[in-house]
Amino acid sequence: MNSGTLRKISHFLAPISQPFIAIFLALVVGAIAIIVTGESPFNIYKIMVKGAFGSEYYLLTTLTRATPIIITGLGAAICWSSNYMGIGGEGQMIMGGFLCAVIGFHFPGPQWLKLTCAIIFSLIGSGLYSLFSAWLLDKFKMSLAISTLMLNYAGAYIAMHFVQNVFLDTTGDAKLVQTQMIDESIRLPRIVEGQKLHWGFGIAVLLVILVWFMMNRTVFGYESRMSGFNIHFCDYGGINSKKIMYGMLTLSGVICGLAGVIEVLGVNYRYTHNTYVSASYAWIGLNAALISGYNPIGIFFTSIILAGISTGGAAIARATSVPLEISTIIQGCITLFISARIAIQFRRRSRKLASPAKDGGSSGDILIPETKGEILR
Amino acid sequence: AADDVKKVAIILDPVGVNPFLTQVVDKFAEVKAAGTYPMDYSVIECADDTAWAENIRASVEEGYDLILVVGWQGADPLNEVATQFPDKAQYVIIDTVCDNPNVKSYIFKPQEAAYLIGIVAAMVSADAGKPEGPFGGVHANPGQGSFEWRYGYMEGIKSINPKVTNDDFIFNYTKSYTDAPTAKELALQQAAQGCVFINAASAVADFGTFEAALEKGFYTSGQDFDRTSPDNPNIITTQVKYTGIVAGMIIDEFFATGIQPGVVSLGLKEGVVGATYITDDGVNPRNTAVLTDAIVAKAREAADAIISGKLVIEVPLEEEYMKQ
Amino acid sequence: MNINANYLAVVFNSTIRMMTPILFVGLGSALCNRVFIFNIGLEGTMLTGAFAAIVANYYTGSIFISLLAAMISAMIVSWIAGIFMVKFKGAMLVVGVSINMLISGLTTFLMQIIFGVKGAYVSTDLVPLHKIDVSMLKQWPILQTMFGSLTYLDFFAFILAIILYFFLFRTVTGFRMRSVGINKVAAQSLGINADRLQIGTVAFSGLLSGIGGCLLTMGGVTMFAQNITAGRGYIAMAAATLGAAHPLGVVAGSAFFGFAQSMANMLQNSSISSQLTMALPYLATILALAIYNFAQIRRHAL
Amino acid sequence: MRNQSNDVILRMENIVKCYGSLIANDNVSLHLNRGEILAVIGENGAGKTTLMKVLYGLEHPDKGDIYLNEKKIQIHNAAQAIANGIGMVQQHFMLFDPFTVTENIVYGKEPKKGLFFDLKKANQTISELSRKFDLPLNPTTKIQGMPVGLRQRVEILKVLYQNADIIVFDEPTAVLTPQEVHELLNTMKRLAEAGKSIIIVTHKLNEVMEVADRAMVMRLGKHVAYRNIADTSIEELSFLMVGRHLVETEIPEISPGKDILRITDLCLTRDGAVPILDHISIHVNAGEIVGIAGVSGNGQSDLVQCIFGLQKADSGQILVNGKNVFNCPVKEVRHSGMAMIPEDRFIWGSAAQASIAETAIMGHYEKPSFSKKGFLNIRTIREFAGKLVKEFSVKADSIAQKTSSLSGGNAQKLIVAREIRQNTPILIACEPTRGIDIGAIQFVHDCLVEKRSEGAAVLLVSSELSEILKLSDRIYVIYEGKINGEFKRGNVSEEELGLLMVGSKKL
């Protein structure tokens, strides 16, 4: 292998290698917490890794959990990479899931029609939901961070209102605020019979490729990246930056909505209040996007690692008497360290060509000086 | 010998906040310590809603003999697993019905306990000169899940004073099981609207309501297990739900005959729900000045009617009831 | 519903108590915003303060030491977060979320170790913050109700906003902090250690959130429950943004949230579905911001 | 001449600074005498800025020592440089826009009263300082909206306030109007007389000749020569810089064609009242370079932005080949056959974080060879960017490098290359040679003339009068948003233009 290919490979692996170094450091810190509880760190970590990736069953469970994280991560990445720092993935996912479940059950006509309409309208719905914050930004200069955050809360309660008062599943004791189950014929099939993993994961993989392609190989991707870097440059180049803003935010809403749709079609077959919120899918997805610098391939692997941390954490709770809190602590440590750019600095020193001394901030930073920074004011 | 030890998985929400769950876990600890049965158990707390499905499925994978799911979030996943692996384990769910031939469901009739609290609330308010309320309630969330408590409470009050309508009730929600400061402020505001009695049902956030009661002098009730305290005479009773008893029943059944699928509904009659000082004597002395003998007698009367089947309390849908 | 003057006075009084912990944290968040840091970890540091206050209270029974413990512990946690954000260039959102997770687990775990309970720790041995005596207002019972049962810290929150206003706009350190937020590169090129200033601000915001936490567990109620902060840190951040990261603006922002929340509570017993009333504060925020911004845009256009 | 002593205040010895594999400073040594003005000159990317950054503590040398008054010192950061009496007016101003003049100047050394920032005293001090050095400024105005010349004055006062003995200016005149340049050079002389030692980095050799005592020439990261100004000439210096003799651009006689760009009665007002552009009517013919001369701030930027669609004008007509593009979006304007070299390369012309290739295809990427149906053709894009870099000798490692890592002049070359290669019938060139070395200036001039020979219409906006006079076939003078004169090549003198530009002579 010549050095060129090597460099290409290491370039390709860069966004992925960082989490591994960070995880190592995190595990060292986590070990302290475990020792306090009187358990052996090695044992706990073994259980954790096994519970996340150690057998076909565990791996598939982790991938199932990773699916919505990957998708919302991609949704976050496309708007963040064009410098629109919205945190509305959760609300959009709720919209997607809610609409899909309701339309998929209540729409008149044959099942295939229900399914088609459910998918189309729920994606439109979540796109419009995101478009609303774009509109608020455009017309009222309202900080995206605020409007999307507020819409997350509002969306959850509004969906809850409709489920509770209009679409409630009253077939059982009606204690859960949830809609009725969609028909078996329109559910996403499982990838492996008898396991949870469904073809939604396949869709997520496809989406990773599509988003990568969109970002790196299309005019729209080029335009939006440039608008993320310098909006004046775009205006001057003839790019309609407003179109980009509306386009990117809507697309990001559609993608996050798709995460909800897939959860309904592949996992729960209905919309249940609080499921997406309690699992923090969209937030973890956003974290994955930030950690991997909006690189879709990086998001894919980071999401799987983050999902593995959750499923592995649950495995600790099952297999030992270590309380759930300890696995929460370990999870917190790991993500904390993953976020750090320690590894990057490592890599920089060893690389031949250093990057400019004071680039406003690496792409992982939430706030990049000399850009909009609208998240603050 | 180790092969004979039966492994039980108890799958539930994080235990700490919810006394309803603590009782189940404590019962298992007690039985294990007693050594009556060759049994080992794991308490599997679910960090989020998705973890329920994962943990239930994983428990089958990990070879547990009895899978005990405590909480309605587990109904869907348990249904699926029980259908897919009917013979790999035995399945029990508590607090909701899982419509599956391989699952045994235990449900409660907490409305029966709440009905008794309603009677207490109505009479205490009447004694304080406010027979028509308003009557307060600080609960965690709106919705059918906890409506059984509210329904029983409202019906109990109405049974004492038929003039009371839905408009005479003030319910507020903390949206959290732990947000005691919010619970306290909500209770203070209800008291300012004239509530003499405020029904607390928001898990550990109830301590906020209790503090408010002590400060403002209104009366309140605890939930799940006896919350009366010598430090706080204003907690005059508790709507109890002895889930530990159910845990004992399940263990006995499992080792005696194996789990027999079906639905069992538990109420006052089975001694699983009740009201402190009405259906039991309580751990602390009763605040007799407020919870007078007359009130206790009246409530016991209702309890007897319920136990004998003369009085049946069926919970309707919340929206329909509240529209009346 | 029984709406009368006394009830409204109680609601006002409640609103203040609900608002002040948020105000402390909101002020911290505003300072962070001023130095270009988006510190979502304030939820966790507030929880740290809330917990540390009760632990210190349990061991010493001293209000002063409890407050000190809350401030110091929250500051240390926040300082670590600041190092990760600034020195290690961690994505601020990720650092914050991780801190929140870590603290949520840690406080719950330590609660079991220290108090031997799960869920909540309540005890009559805990000493609450002093309530300010307002008996001098007894001629005006409504006023007495409005300002009764408040602690010194509740009042201090408002004073602090004014102090921070002067600090930010009248002192050298405040001046430099603002400059770092405007142009960090320039500040560095002029010999200011901008990293240290940012980390220091994050640590200080932690300290403020610690006071907020202490006020929560020793002011409103006197107890600790796991995750007792219940999202107040996030609301505080929204209040800071609403208040344009201006200390006095944060007062307005927090008051707005408190007010919207109280309105929502009142409406919970009307014919509006309770789910919709829960959505109300958030929608009201969007509406308020839209109106405010619209007015601003109009004014600039003229 | 100043009474310049020969005692050396500063020595930099054998400075080496590498960026990865690129050696920006290769064993550079420099000495500066007390009270002298030293010019540092060299091609774009020669390493001048890097050397100054090392001196000011913004970059850390890989090797080399710095001696102040013959005492070895360590400069790890700007604070230490300032403490050692070294001040720098950077190429990109380091100012806080929302702050006032005073606040910006006293930054880092603020007067205090008790706990508080003593703004009153600060304002007073700055008033005095500005009087003392004859640099008039209102201490309480905000930086926002200030013209460049004044901003620079703030920067200079800042350095003086810090009590710097050594003042470094990095390309201070690049963005100034001739008037401002004149004032600045005088200021520098005054400062030198007052005992300050000054280093000026510049590409303008006439300024060097006017103000400097000595010049140090750098090429490819090395210092190649020292010259006493008294003993040298512009020709020698430029030869030392570029390593070859420059040939004057040949401007062939051609007869212009029809008017491709015609602007009639273009009006723009700000806030509905203040007129910015006042019935501007100009035209540019095919095969013609038309210069717009004016002191910056008289509406030329707005004129260009209105033509290009970056700003909406109030009324008027902009005809491109007969088609009206008045208030059309930029894209449409570009499609109608216009390209533009923007006046600020970092605000408009490029994105710091974008790669060279990405910067190079802006405005091009929709052409069929670069994208089809919305999909980019990465191979041709790379080839194109590579070709631009090579043809226009942009000094860069690879086209994947970030634009921010280019030296100022090289970034400008990339932008010029990109816009020239749009192959449009109209090219608007705003300050096309700002901040680039004489070799590159020659090159850009050649390009513009070639463009003209190809029959394109070139509108040249420049505050550099010599440039206008040299290249333009026709010249418009703009003053306060109005056209204040129109001349054919050779029909006007520099003096006359200057008077028209400042409005002391009306048409």
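Per-chain numbering from 1; labels A, B, C and D assigned in written order.
Here, a residue touches a chain if its C-beta (ideal position, glycine included) is under 8 Å from a C-beta of that chain, and two chains touch if they have at least 3 such contacts.
Everything quoted here is computed from the prediction, not taken from an experiment.
Two chain pairs, A-C and B-C, are weighed by contacting C-beta pairs, with A-C ahead. In this assembly, the C-alpha centroid of chain A lies 28 Å from the C-alpha centroid of chain C. If you average the CA atoms of chain B and of chain C, the two centres end up 34 Å from each other. One inter-chain figure worth recording: chain A and chain D are separated by 44 Å, centre to centre, where each centre is the mean of the chain's CA atoms. Distance between chain A and chain B, defined via averaged C-alpha coordinates, is recorded as 36 Å. Each of residues 142 in chain B touches at least two other chains.
In chain C, the residues touching two or more other chains are 108, 112, 183, 185, 188, 275, 278. Taken residue by residue, chain A touches two or more other chains at 164-165, 323-324, 327-328, 360, whereas all remaining positions touch fewer.
Taken together, the chains touch in the following pairs: A-B, A-C, A-D, B-C, C-D. Residues 87, 136, 140-143, 145-147, 149-151, 153-154, 157-158, 160-161, 164-165, 283, 286-287, 290-291, 323-329, 331-333, 335-336, 338-342, 344, 358, 360-362, 364-367, 369-370, 373, 375-377 of chain A are the ones touching chain C in the complex. Taken in their complex, chain C has these residues touching chain A: 33, 36-38, 84, 88-95, 97-106, 108-109, 112, 181, 183-185, 188, 234, 238, 241-242, 244-245, 273, 275-276, 278-279, 282-283, 285-286, 289-290, 293-294, 296-297.
Residues 19-22, 58-59, 308, 310, 329-331, 333-334, 340, 342, 347-354, 358, 361-363, 365-366, 371, 374-376, 378, 397, 401-402, 404-405 of chain D touch chain A in their complex.
Across the interface of their complex, chain C is touched by residues 15-19, 22, 134, 142, 169-173, 175-176, 178-182, 184-186, 188-189, 191-194, 203-205, 207-208, 211, 215, 231 of chain B. Those residues of chain D whose C-beta lies close enough to touch chain C in the complex are 56, 58, 77-83, 90, 94-99, 103, 107-108, 110, 112, 115-117.
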